[in-house]
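After this come two complexes, each holding subunit A, first together with subunit B and then together with subunit C.
Showing the complex of A and B:
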């Protein structure tokens, strides 16, 4: 199916993981809206975005789930991982603890998530080179050992942000039989597309 | 944790999670804690290992049942009326976007020892073997009256003021026999006992309309829908809503002791030596055992099977209501079945529940008429739990306690409790006038 010509539309749930302050929401805001706020508040009111990418002959519509702060006291619900096709685990290159915690998130994902998930490790805040505490080499080795792909990103300068999402889109298995539930979504408008765009204001 | 909150919510059962979500959306600062390390409290869904731990005391389910994580066994099994209040709340809050639903295949009623499809409108009444030929015609007329009845259009009332006329009087006008009244009252209007017969007919007529409008909504075999992966998804969805609007979540918090001042007003909650201050506490009965009283017991059997409930047209999900009168009981018994088609069990497996309000000292044997309808089972578990309701005065202590879940297999009573609590807490009535006529289910 992957190789067949024609129009391929893929819906993929993507979850963000990582410590508070690593820049999860900033990465999404940069990717979805092209914005960056120096003092981004903790995620309130918007934790559900969608964005469509064209990759080769297919379009991939990402449904991006942010943690909404539920990671703070380890209270993420199983629902968060359910059906996720991809995950980005974010840490802050200026904070060694956040890298240690990122490894914990990888373990959690291996426990809860589906085994075919495409997982990216993103070392964020790469613009703060002079404050760096985690070397790119260390993270790359860890990522290779654990089957993740690795990039350093900066939501501030936009470096590599789109690239992470493109790379995930390229790696998604083209046929996802088990990931798309056959159920229906209740919507308050009959038109398709009511789920699109960002969310609540 | 040592901050000040408007509301601290204790327990992550469905009722508490809906309230937490609504209050956060209202802009209140909410802290939500649970003594367990999982979401859902009493209304959680268990995998096989958790199920064995709870009922068999060890965590080694037999391998032939398949993978533990393919199971989501509801501890409080219920279906949602497609046009019911829970769906309105889901649409109002936009929590629907986190959930996938499927229609429930069948709605049945137990009558004179047999399981029958519930006829819900005039056309189905004519086909139903539940009634003889003359009774069918009378029932059809009654269904047409109900379908045409419009509260705001007196022409459709046929001279009857349904706020005064009792259900018994309305039914007498159509000459329906007791047997017909029984399935209409219990399987369509979803009354739990026979008190409705002496109450104004308007409520019953509205309930019948809700049933038939819900049935028409998804062209399924029943008016019900049910989320993929089980009901445990619902509290999680509302908890996420609360978190998205700033609610703070802490699971695995032991004790959660509610603190009071000299006047008996709530001042905060202490857990693990830290106290969070608050103005109000919302919780399930287990967090404030001194402010609730026992009002009953629910008996429930949970069966894992390899076939659907017999005589339900091979329905992979179904409800069967056993009206009290058919069993010589004071309240109804409920059968609930769902399966791999709703992702709550591995391929080929079905989960069935028999539930009833306990009326004797031997509730397990009370369930026998329901269990007899299941046919052979792979495994069966029995669960008996006490039901509590609050006895405190919330205006004096600022504690808002939910009522335990009842034995019904639908959510109408559950959401009513939530909406009443919301009004007590905020002084506001939740506006649920979402546009259901425009609502539809998008196939994803």
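Showing the complex of A and C:
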């Protein structure tokens, strides 16, 4: 089962996928510890974190698997996304190849993953506007076509980081996942500006 | 975070004062987390007990050094280089006997640890790196690094990306000089074996090899012998098939040697590969304190890759009681992470690894690998086909 519910308490397995250096670990570090490191140790295999969020009437405890980005580690990925309730697919807005990789991950999850999985597409490094290679519009259209919700984030400035997790928490099916598929509502939100999500640690 | 500075100051204070603290004060302060440098310059976090353990380890390292020097004095310099049995039929039986006796002494001695000053020399000879180097012209490494200078490949781009992300903050590795040395070793190797090219994880392994071996060239040859002779084939290539094989072999061993743990974790639907994959790919360098990692490597380079299984099993075995009362994935990972990060005394780990796990020979492991290989290959192949069919649909 993907997300297990108690009385208003949910445990949800979440996996981060995406190209090497897109900023997966940085997003997690920002969300879990509120920190940012310019040079984050490269992840081997995967790293585990947990963080709890209060959403409306419920608390969601995320069990986060932050995976290694190098292509050859791809063969390990099923172990991490198996049974996941949610996924964040991360690309780097300054790197077009990383967007291509992100699309491949979307395809793979659609085919192999849990059909009710809440999938977010995160265009990270949104602070590097002058080096942008992937437009927000292009990504938004792609996300819409594929039933993902999309946000541009910056682990460095914290913009939208908590929001991605908060949105996922809101969209997680509250009852048995098989009976209530996740919503496919597209969130259209400007890239700039960070809004504080109601995040408790 | 506020208060960090004062914690660092405390660390220095404790390093000098810890030995004379009264037990009552000691135990009260043991809950404080302090930052301190370990034997190889890594900043680690721990409590006062950990600082004390590390000081004891430093003392044990010195004692072990004296043992090695005494043996040099009685058996002759470099005696350990002549322990290989069966070389040359001209050896008299008495010489063979002394070689055998030396081999037994050496095995025990290495399990107790090679003193850091002797590590470069002993590793280089006993691992087979010296022999490997001797088969090519003297200038091989220099020629190779010069020939590949300025070349850009996917591997070099990934290496460049990882340089500042390899043990960031280390006083030597995280300097322009350290980055340049690590880069040359990794780039040179990526050209030596294009099937491996560069695999994330090797950055940590090569970085530690540099710290130990001191020279780039020796670190390069250690990396070569490790990947080409010590570890299972294809551990780092293409789809990491060798690593997949090792994970399956490990799961079987865990079920056999630590049955209760394996049953409990399986009931919680916890796949041990979630944590052990990193151990196997980085050879514990990202999980264990540096001296503990290098003590494991001491034995790997002499006895082979089976040692990785001994050590990984030992980490689970040491925490059997705690693991058996976990209810949740997060708890299991916490137990294992805290355990590995705090294993400052290598003997705590190695005693369990070699005395409590039961013997495993390289032969047993090889047989297990052969058994698992077809299944792994089948699975990886199926996966690739599924993904390819996905691409076709997408067109």
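Simple rule for what comes next: the second predicted complex is superposed on the first by the 159 of 201 C-alpha atoms of A that agree within 3 Å, B and C clash if a C-alpha of one lies under 4 Å from a C-alpha of the other, contacts with A are read in each partner's own complex, and residues count from 1 in each chain.
Rule of thumb we're sticking to: a residue touches a chain if its C-beta (ideal position, glycine included) is under 8 Å from a C-beta of that chain, and two chains touch if they have at least 3 such contacts.
This one's a predicted model, so the numbers in the text were calculated from it and none came from an experiment.
K.L.:
Name the contact category of A:131: first (subunit B only), second (subunit C only), both, or neither.
P.N.:
neither
K.L.:
Would you sort A:37 into first (subunit B), second (subunit C), both or neither based on which partner it touches?
P.N.:
Touch status of A:37: second partner only.
K.L.:
Looking at A:70, would you say it contacts subunit B, subunit C, both, or neither? Reply first, second, both or neither.
P.N.:
A:70 contacts both subunit B and subunit C.
K.L.:
Considering only the touch criterion stated at the top, classify A:108 as touching first (subunit B), second (subunit C), both, or neither.
P.N.:
Touch partner of A:108: subunit C, not subunit B.
K.L.:
Is A:78 in contact with subunit B, with subunit C, with both, or with neither (first, second, both, neither)?
P.N.:
both
K.L.:
Which holds for A:48: it touches subunit B only (first), subunit C only (second), both, or neither?
P.N.:
A:48: touches subunit B and subunit C.
K.L.:
Applying the document's definition of touch, where does A:170 land relative to subunit B and subunit C: first, second, both, or neither?
P.N.:
neither
K.L.:
List the residues of subunit A that touch subunit B in one complex and subunit C in the other.
P.N.:
43-46, 48, 68-70, 72-75, 78-80
K.L.:
Quick check on the complex: what are the subunit B residues that touch subunit A?
P.N.:
Interface residues on the subunit B side: 39, 87, 90-91, 94, 96-102, 218, 225, 227-229, 232-233, 236-237, 239-240, 243-246, 248-252, 343, 434-435, 438-444.
K.L.:
In the complex formed with subunit B, which residues of subunit A make contact?
P.N.:
So the residues of subunit A touching subunit B come out as 11, 43-48, 68-70, 72-75, 77-80, 82, 180-190, 192, 194-195, 199-200.
K.L.:
For subunit A, which residues are in contact with subunit C within the complex?
P.N.:
20-21, 37-46, 48, 50, 63, 65, 68-70, 72-76, 78-80, 83, 107-108, 111-112
K.L.:
Of all residues in subunit C, which touch subunit A in the complex?
P.N.:
So the residues of subunit C in touch with subunit A come to 158, 161-162, 164-168, 199-201, 203-204, 236-241, 244, 269, 271, 273-275, 277-278, 281-282, 286, 329-330, 333, 380, 383, 386-387, 390-391, 394.
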